[in-house]
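You will see chain A twice below: alongside chain B first, and alongside chain C after that.
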Partner chain A sequence: MKTKKKSVKTKKSMKTEKKSIMARIAESTKSVTTGVEEKDIKHWLTIYIMGKAYKVPAVLTIMQAMEYAGYKFLRSCGCRAGFCGACSTVYRKKGEYRLQTAMACQTRVEDGMYLVQIPFAPAEKVTYDIDKEDYSASVFLKYYPEIARCVSCNTCTKACPQDLEVMDYVQASLKGDFSSVAEDSFDCIQCGLCAIRCPAEIVHYNLAQLGRRMYGKYGMPEPEHLKKRLGEIKSAKFEKELRKLVNTRRKELEKIYTGRDMEKE
Partner chain B sequence: MKLSYYPGCTLKTNAKNFEDSAIAVLKTLGVELVELPRWNCCGTVYSLASDDLIHKLAPIRNLIRVKEQGEDRLVTLCAMCYNTLKRANIFVKKDKESRDKMNDLMDREKINYEGDVKVFHILELLRDEIGFDEIGKKVKRKFNGFKVAPYYGCLLLRPEEAGIDDMENPTLLENLFNSLGVETVDFPYKNECCGAYQTVNKVDLVVQRTYTIINYAKKLGADMVVTSCPLCEFNLDRRQEEVKKKFPDFEGLPVLYFTQIMGLAFGLDKKSLRFDLNYINPEPLLKDKKLL
Partner chain C sequence: MAELKFIGGYPTYMREFIDVVNSTRSKRKDYTPPAMSPEAREKILNTYHPDYAPGGKRKISIGQNKGDIGPKEVVDLLEAYPLVEPGEIDLSHIDYDVDILIIGGGLAGTSAALLANDSGIPADKILLTNKLRHGDSNSTMAEGGTQSADRPGDSPVMHFIDTIGGGHYANKPEVVKALVEDAPFIMQWLLELGAMIDRESNGDFSERLAGGFSRKRLHYCRDYTGLEELRVIRDEFRNKGIGCIEYFPVIELLTDGEGRVTGAVLFNFETEEYKIVRAKATILSTGGFGRLHIRGFPTTNHYGATADGIVLAYRVSAKLRDTDTVQYHPTGAAYPQQIVGLLLTEKLRGAGAQPINKDGEAFVYPLEPRDVEASALIKECYVREKGIITPTGMRGVWLDTPLIELKNGEGTIEKEFPGMMRMFNRFDIDMRKDPVLVFPTLHYQNGGVETDLECKTNVEGLFVAGEVSGGVHGKNRLMGNSTLDCLVFGRRAGIYSAEYVKSVKNNRKLTMRHVKKYINMLKKARIKPERRAPILLPEYRGRAVLARMIDIF
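Coming up: the complex of A and B.
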């Protein structure tokens, strides 16, 4: 262990370390198919990316398949793990009328998919001062009046790659039921596919965010532990320790950091 | 008795006094309203175009929710919701082809809807199932020298297939008040239009209607107008402010829901009747009449 730490000290090795971080990031954003020999791939299928046919290995996600076909993502790709909501895909399958949606990083390619990425859902995000808003249904109608046009067709719910009951939370907003808006939309990754499909032109995910913020501020009971901790901070309980940290040198800080007590899982 | 209950958005926002008082009154009568889970908008206005199926999805989806509960009846309070749900239900019952199309559109629902839920209004429940005699037995308070003008609006009466009473001369509210020992005036404007949704963009029109209706009730010696519809209530109650501006001689009257009157008659706690939400405060009058 000691020798390893020593090697970090030299300027040269610092550089290689830096480089290796960059290399690791580059690595992590590369398609996982890199380095796989084509002759080793047994199953192939055909997908159509914006109308053009490509033969791709059958085991890939939509995102990997597009990269395999030669696309490089500048947008429409972020976490590659189903969390960031950047990789919205719209597709149809050969011989099927149904328009489907998916997150490209989370969905396996299927034979005959006609694919296109939707890197951004055009929508206005309103600004408001949460301290000045009424905790009632009127706040939703004030900023997103188009919710009153919801015809309960459920298209948004069908489009949601997170399997949320999107229509239910839009309807809950009309009733001023903040807790349902917040809870039903909690797993939203704001991919925007609901808003792209809605015939009433509602921007569900922004509405939901307003709902969660309002609920967080006015509806949810204040957690006891947070109240206690805020009180401690206010009464300067941690001031001395914090000062000490501020005045600690970097190397010492690193040692403290790596040696810290981890919270048990 | 437990009943599946559809509130609608107005009863959760502007007409909370209607909902709270109705729940309290029905509890006294041994009926528990069980709010339908996951209910959505009723559709607001029934679409008259028979091929406009998308605007009929909302009401039918609610009826699917009723079936999901293993129930086959749904009671409503709001006259607008009642009217829309009832008519959409009649439509799908009659028109199998449209019904199939709509079920196809709602392919995520586990139940294919066949038109087999009975939609009814709280006033029908009071008249046909509980009965005015039973209601009369619960009365604890006497109304002396107190007259109300019953006001039906249109949505409980028209069209005939959705009407709960004679559309030209309804008497349901009069009979109800009779059983409560509350005197009514013979009110020719009881099914006159309140202006309905014109209240959104033609306030003047509603102001004119409200002026005529309220003034006439007053002329007949009514102490208040009693309604069953949240939209009528809004127009007749809330718009009196604008009426006063336009007609300085206008004196106005309080407007209550019939369930609030029932609550008074049953001697229920004032808190559950929510007079604080009526725009023209009825409390001074009620105190004056020794009803509070």
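Coming up: the complex of A and C.
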């Protein structure tokens, strides 16, 4: 009797303890946009979305601030983390001459921002057959002859929200330098802001895509160990062992798993 | 908050805690806490993992998986009415008549399209439809890498064992076999397409450890792996001229009235008109559900990760599996507020970063399986009270990133983690010099629609690949196995749907009979008609605005 009572009690208290952890986590991770009362927000600032003024909490990104203001994104919002290039934004701050660019999902709002989003960049992408293409310096000019019009104004580099040396890789493409085009453009998220700003009407990011694929396919050394492994799999080297594992029971698998040796860092 | 002073992105009170981390770093350089025993893992999971903590789940009351349990947020969507009812739309006018319809262009959908085309389906007989832009997806965000056992000291057999153990033995074994055997061929395919996978100077792949893996087999492209993989295959997709439309989500599948999937209803986000597709085969590759914010957690996922795929599939009677588990990634950003929930790739820990508490102690083996690691962080913050509290009230522990530089040499972070470094730099934090604050975040849909080796489901005409599928990862996915899953089974879906299409005549009917049946089930179960799904996008508009909104147009 006594023991029974005790066990019931511990079970109950365990439960309430667990519940409270989850509740506490949910409480502390409330979104400022949707989960917090206006009266609980201390710091505010004013932004101008396409010219209209909105008062928004100061701790938000441009994207979150627009949502707070009531915009539901259909376009201009993809990964929300700086990887997809959907949220290109152009802004000018009150009293400043500079026109700036940013990814809305990765930029803090600032007081007096006048902003608009660029949800789409009209741009040409050539098609090509990578298997038939020669790894030759002329490939860039062949497909994107407009690169010859680059006036080295560096506007593309200034527009790049990833801070890449865009003009440098365009110049490298003119020289047919695959490795520089590929390495310098690698972190490109293809947001299109460079192409929108370019006075020579170059589509930098498509040019770079061509360069990277050519370099990846023809310019980088081949991993020998991969070829060997492909051969082993084709000759069914692991087939028997894998088949056996597929039919192994859980208890046995557990033993194999916990007993396996681990490679060090 | 008003008077907070910031130094290098952190308020001064957080700086004091950073000093503690700095003071223990050199001692920790050669010390890693030991991995937990199986019993200790079991215990910490059962006590602290959000999946096991009570209150988050309920039973599914209708359909194929009636009686199974799932997160409340997901079950709510399964038990919801359609966006359009049968009879409200005209199915007799077909806007797109294709061989293969692919829904969702992440890694899975895009690979499927390419392989369907390679297998003989003409480019104009394939249609890839996207809710957002082609590539706005979880795939683009994969930072860490892709697994493939191709080094001499490694083998597909070990890859199999790691995967099945990590998944708590709930994975479908024959599917895992295909995953690990195809993996090296995926690497070869990516190389042939020109993906820039990081290499050592002799040409060998650079490979790293990841949580739950016994060998270094994580392949990566700096920390933009998914971006590189996706943009390369998408470029190839565009070179092939395969049909593609954007901002056109599928809101319902169509059937021939006898249980086969024969097409879909599309919705143009901007004009709000619907379009009808007829297809001989349909591949569902809509990704996951992070944007449901299960249990109130922030998420790493993209804007469109709203569980549409499982909702659509469930209505045509597709079977789901492992609906009861959700993956929380141990290291989401906990500070600054603007990026809360965004991912700090596990590869950081693979390269030597350690989770550290407020006393400067390494309290957990850094590469436990994700669910175990996440539980340990929750315990540290909410039970041992050894977390740091941010200015907005969030708790987290440090991820000691400067240790990466100490272990691998200066410049490693800049070279291997430019994306991470850039993200923090934008908020004035230099992760080479200072640690960053982390807390678990909602990351991955472990379960999903059950598939076989050919990506077929129990519903004829419906193929499924990628995160929306279930079975490959069992109850817990390991890092780098998901992009691999998408590439392996995306390709297979393309190949086998192309094969299937050859046996299908194109005079199949388009009906919404299955929807009618579903509505009847909902009514019988007394489910209120207000709830509708798929939701397509999460709601993030400010409360005050929503309260005053009026619907005129």
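In this text, the second predicted complex is superposed on the first by the 197 of 265 C-alpha atoms of A that agree within 3 Å, B and C clash if a C-alpha of one lies under 4 Å from a C-alpha of the other, contacts with A are read in each partner's own complex, and residues count from 1 in each chain.
Keep this in mind: a contact is a pair of C-beta atoms (placed from the backbone, for glycine too) under 8 Å apart; a residue touches a chain by one contact, two chains touch by 3 or more.
Computed from a predicted model, the values in this text were never measured in an experiment.
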Partner chain in contact with A:D168 - chain B first, chain C second, else both or neither: first
Touching partner for A:E124 - first (chain B), second (chain C), both, neither: neither
Partner chain(s) touched by A:C153 [first = chain B, second = chain C, both, neither]: first
Which of chain B and chain C A:E201 touches, first, second, both or neither: neither
Contacts of A:E67 with chain B and chain C, given as first, second, both or neither: second
Which superposed partner A:G176 touches (first chain B, second chain C, both, neither): first
Contacts of A:S136 with chain B and chain C, given as first, second, both or neither: first
Chain C - residues contacting chain A, complex: 1-2, 32, 38, 47-48, 50, 53-56, 132-133, 135-137, 140-141, 149-153, 155-158, 160-162, 164-165, 169, 173-174, 176-177, 180-181, 184-185, 187-188, 191-197, 199, 202-205, 209, 214-216, 221-222, 224, 226-228, 231-232, 235-236, 238-239, 241, 247, 269-270, 295-298, 300, 302-304, 336-343, 352, 378, 382-383, 392-395, 407, 418-419, 422-423, 426-427, 439, 537, 539-546, 549
Contact footprint of chain B on chain A as seen in their complex: 136-138, 150-154, 157-158, 165, 167-168, 171, 174-177, 199
Touching residues (chain side chain A, partner chain C) in the complex: 15, 18-19, 21-22, 24-34, 37-38, 42-43, 59-61, 64, 67-75, 77-84, 86, 106-108, 125, 127-131, 162-163, 182, 186-187, 189-190, 209, 212-218, 220-226, 228-230, 233, 238, 241-243, 245-247, 250, 253-254, 256-258, 260-263, 265
Chain B residues touching chain A - in the complex, by the definition given at the top: 9, 12-13, 38-41, 43, 54-55, 57-58, 61, 105-106, 108
